[in-house]
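As structure tokens, here come the structures.
Here come two complexes built around subunit A, the first alongside subunit B, the second alongside subunit C.
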Partner chain A sequence: MKRLAREPRVVFGAVVLLALVVAAAAAPWLAPHDPLEQDLLNAFQAPAWKGGDPTHLLGTDSLGRDILSRLVYGARPALVVAFVAALCAGLLGTALGLAAGYFGGRADAAISRLVDVWMSFPSVLLCIVLAAVLGAGLHTVIIAIIVIDWTRFCRVVRAETLVQKGQDYVASALAIGLAPARIVAAEILPNVAPLLLTLFTLEMGIAIVVEAILSFVGLSVASGAPTWGGLIQEGRLYVNQAWWLMALPMACIIIAVLGLNALGDGLRSVLDPVRTR
Partner chain B sequence: MSALLDIDGLDLRLDGGTRLLRGVSLRVEAGRIVGLVGESGAGKTMVSRCVLGIAPANARVAGGAIRFDGRDITHVPEDERRHLLGRDIGFIPQNPMTALNPVARIEPQVTDVLRMHLGLTREAARARALELLAEVHLREPQRVLRQYPHELSGGMRQRVLIAAAFACRPRLVIADEPTTALDVTVQKQILRLIRELQARFGTAILFVTHDFGVVAKLCDSVAVMHGGRVLETAPTASLLTQPRHPYTRALLAATPRFDRPAETLQPIPAALTRELADEVRELDAALP
Partner chain C sequence: MSGSYLLKRLLWALPTLAGVAVVVFVLVRVVPGDPIAMMLPPGATAEDVGRLRALYGLDAPIAQQFAAWAGQVLRGDFGVSISLRDRVAALILGRLPATLELVLAAVAAACVLATVLAVAAVRFRGRWPELVVDSAAGLTLAIPDFLWGLLFILVLGVLLPWFPISGRIDPTLDFDPATGFHLVEALLRLRWDAVASLVWHMVLPALALALPLAAALTRVLKGSLVDAMNQDYAVLARTKGYSRTRTLWRVALRNALIPTVTLTGVQFSFLVGGTVLVEHIFSYPGIGNLAIAAVIQRDLPLIQGLILTFALLFILTNLAVDLAYGALNPRVKQA
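Presenting the complex of A and B:
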């Protein structure tokens, strides 16, 4: 724990993640206004630092909705997508990667070829096809990310499993007669775990970006409900009059992704038992 | 009397056809220590791995048989083999630095084998593990159980591994160069420990090594390997004093001894190596 607290990347990432979680969980209390409440008389208010109305700290949009409130509420879909999609993609990819790496032979050939073929599909196209089939919505975004990104976990976990399988401690485990399932779960998985944690946080960052892209093109939650991608899309129309409409949600995305990446990277270097010695 | 471990004409080949072992025959009687000696690449480790059934994935046994206690275990199904390993056949690996799982504490690495084969509960296995660690002369066994491998020295780790190998009182222990990765002072203690446990439990040991000094101290008989073949098998005393095979003689002449000056050390003659390689080639040509 002490080593974690001393690693600046971990501290920065943890603060960002905590802020995200708090914003998403406590949005109704944190947000100064209803994110959907329109006030056409007060449209295009400048942020407070540019001399705008201090009740709208970050100004208002074309319909007079409070930007700060919309950004806070926007953390909800971002976080849900990031967490659920990264978790499911991770579970699927890790299970297949462990199987391919440990059992080798035909299982490996089948899974590896599947990953190769899978990765050769253009992912954006796959997303759009999925959205067309499933309809727009948060679940579509989550499923699209799982369907596309499990391969990332699968590849890395397979490679690491191959490395771990060649280690002497696995031979020792085999030599006392442990069952393969036991060896994978109790011997190999814990040794792959630091890598998984890193991949997971990186994947959360990627998922936030993908969610933003999909809501930018209107494939995420119904329009009107605040998402960061949706805010960027709305702000794009008025970028000449009110640049902050677009810049603020972009800043949210950038900080969130940077934080998650830093967290993943920092965790890996702290948790790696070889590097810390 | 039939031997506890009876390896009979074992052939091991890579999928590509390359031969790793060429008709290796070797017997280990119950309660005896048999040394398996040879240069790097002679196939010593392959023999031990075949007995444990952990030969490389791309190698397969092409001929011959491995019998344990009269039962052919060459092609026994995996789950049956698992009942044998750890309980009847123990294994002491070569490098204690890598043979323990780096992210697990010592406790499960000693108790796994007890719980798996003897069906002990967690508490019973822990109590037994404490006795086992005391048996291999580790101080503060309670503390060791809670530690991670990187907190222990090489000698301590090898003691842990020996404790695990002898945990179920196996009838046969396969020791694959158990002292090679340790420094000289620790080597001696480890050898003494193996000898002590062997004498107490009457365990048979297949001791793989390249060190004739170890063989002289420990083994009842010795097999000399080269190029995947066993060239000579003899009781230790007669092999050391009257080696029959020219390769054994050359190997002994290349072994440092305290009673001879270092200058008398002879490298293995190139002509002999060539001759052996030719023999192997003829042998391979004669076989399918």
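Presenting the complex of A and C:
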């Protein structure tokens, strides 16, 4: 724990993640205005630092909606997608990776082959097909991320399980007659857990970007409800009049992703010092 | 490169394409929403819906629909787009050249950029150029590709309004191309004003596509250049009096290219996928932009045609890379 607190990347990442969670959870109290409240007379107000009205700290959009409030509310879909999609992709990938690594043989051959074929299929195409089948919505975004990214977990967990399987503690567990399922769940899994935590953090960053991309092209939540990608799309339309409309949500995404990446990298170097060196 | 190797690789591509076709057909049929119902005004009767359904062949049993569809596809007929009411094949062929020009420009830019940067970093190893190249590559890869395009718009299109941020050519320009390859055609017809406008519009989207590829390539090429410079043949060249720079360009680069070409191939597939988003960001009239519109409109025939087109592009790219790899590395030829 002390080592974690001394690693600057972990601290930076944890602060960013905490800010995200607080923004998402406390959005109704943090946001100065209703994110959907329109005020056409006060459209395109400049942010306060450019001499705009201080009641709209970051200005207003084309319909006079408060930008700061929309950014705060935008943390909600981002965080929900990041958490749920990374968790499900992690569960699926880990289960298959453990099975492939521990049982080896045909199971390993089948799963590894599936991963190879899966990864050779361009993710953009998968996304298009899924979006065409499922239609727009948050569920589409989550399913797309799970379907595309479970392979990341599977490959790493399989390799790590292979390493762990050769360790003495697995041999002793076998010797005292533990069932394979128990060995995998109670002996190997805890040893793979630090790695999983790292992967999970990195995957959350990826998921935030994918959510932004899909809401940017209009395939995420229905328009109106603010998402960072949707805000960028709206900002793109008026970029020549008010560049900050696009720049502010981009800054949110960049900070969130850099924070989660830093957290993941930092965790890896603290939890797995040998491999990082 | 033997003919049988080429043939084998080509034959391998066929089942892949057939697999994609089946998957696409089946997946698109299980779509929950009804595209036909969406085409008609709210007051349409059930009879109208039935007539339209028959017109698009959606009333037959599914196996029959597939047989009919596959037969048409083999003859190059992808049906009629539901949202644009035009032939899918014509729509795709009309847009494909724009995408191809963009992708090729991006690959060329990435290769030149990566070669120059990697050679510079290795030439000045341990000094500031290496540090700059390493940090630039790291930063490029840390920020998601999707945001680079938007950052370019913001910085080089709006804050410093140097480049146009949407479209393919200045619409006021009197240039009436006969083919979809506007840039090639403008060059052949010596229409320098059109060439300038096309290139000017291409700079930002091509750069947005090229940047992540260039960063990845720089890293790999730099690593293999360092390796190559430590090999006997490089040391021999140095002892024979070649300068460090000349050894790099003439001796090490040739040998370092092999792993790089493999990576370019892998990345090239991602690049074709990346066009979807970049074209949307820059309102560039290629097939990527068309694909997003098709998905949002749930235009089934168009989506099917586009996915098959993309799959074909991916397969051809991988094939081209395999062949280039074989040509560069004599050890593969026999395999």
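In the analysis below, the second predicted complex is superposed on the first by the 272 of 277 C-alpha atoms of A that agree within 3 Å, B and C clash if a C-alpha of one lies under 4 Å from a C-alpha of the other, contacts with A are read in each partner's own complex, and residues count from 1 in each chain.
Heads up, the rule we're going with is that contacts are C-beta pairs under 8 Å (C-beta built on N, C-alpha and C of every residue); 3 or more make two chains touch, one makes a residue touch a chain.
The structure displayed is predicted, hence computed values, not measured ones.
S.K.: Superpose on subunit A as described above, then tell me if subunit B and subunit C fit or clash.
M.R.: Once both complexes are aligned on subunit A, subunit B and subunit C fit side by side.
S.K.: Who contacts more of subunit A, subunit B or subunit C?
M.R.: Counting contacted residues of subunit A, the larger count belongs to C.
S.K.: Go through the superposed model and pick first if A:S172 touches only subunit B, second if only subunit C, both, or neither.
M.R.: In the superposition, A:S172 touches subunit B alone.
S.K.: Quick check for you: in the superposed arrangement, does A:G104 touch first (subunit B), second (subunit C), both or neither?
M.R.: The answer is first: A:G104 touches subunit B but not subunit C.
S.K.: How wide is the angle at subunit A between subunit B and subunit C, using CA centres, rounded to the nearest 10°?
M.R.: The vertex angle at subunit A equals 100 degrees.
S.K.: Which partner does A:L125 reach: the first (subunit B), the second (subunit C), both, or neither?
M.R.: So A:L125 only meets subunit C here.
S.K.: Considering only touches as defined above, state whether A:R236 meets subunit B (first), subunit C (second), both or neither.
M.R.: Second partner only.
S.K.: So, A:I253: does it touch subunit B (first), subunit C (second), both, or neither?
M.R.: second
S.K.: Would you sort A:V163 into first (subunit B), second (subunit C), both or neither based on which partner it touches?
M.R.: So A:V163 meets neither subunit B nor subunit C here.
S.K.: Just to be sure I read the superposition right, which of the two partners does A:N191 touch: subunit B = first, subunit C = second, or both, or neither?
M.R.: first
S.K.: Shortest C-alpha to C-alpha distance from subunit B to subunit C once the two structures are superposed, in angstrom?
M.R.: For subunit B and subunit C in the superposition, the minimum C-alpha gap reads 23 Å.
S.K.: Note which residues of subunit C are touching subunit A in the complex, please.
M.R.: 23-24, 27-28, 30-33, 142-144, 146-147, 150-151, 153-154, 157-159, 165, 269-270, 272-274, 276-277, 280-281, 291-292, 294-296, 298, 300, 303, 306-307, 310-311, 314
S.K.: Provide the residue numbers of subunit A that touch subunit B in the complex, in ascending order.
M.R.: 104-105, 167-169, 171-180, 186-187, 190-191, 193, 273-274, 277
S.K.: Under the stated contact criterion, what part of subunit B meets subunit A in this complex?
M.R.: 52-54, 57, 78-79, 81-87, 91, 93-95, 98-104, 108, 112-113, 116-117, 148, 150, 161, 164
S.K.: Going by the contact rule set out above, which residues of subunit A touch subunit C in the complex?
M.R.: Residue list for subunit A touching subunit C: 122-125, 128-129, 131-136, 209, 212-213, 216-219, 232, 236, 239-240, 243, 246-247, 250, 253-254, 257-258, 261.
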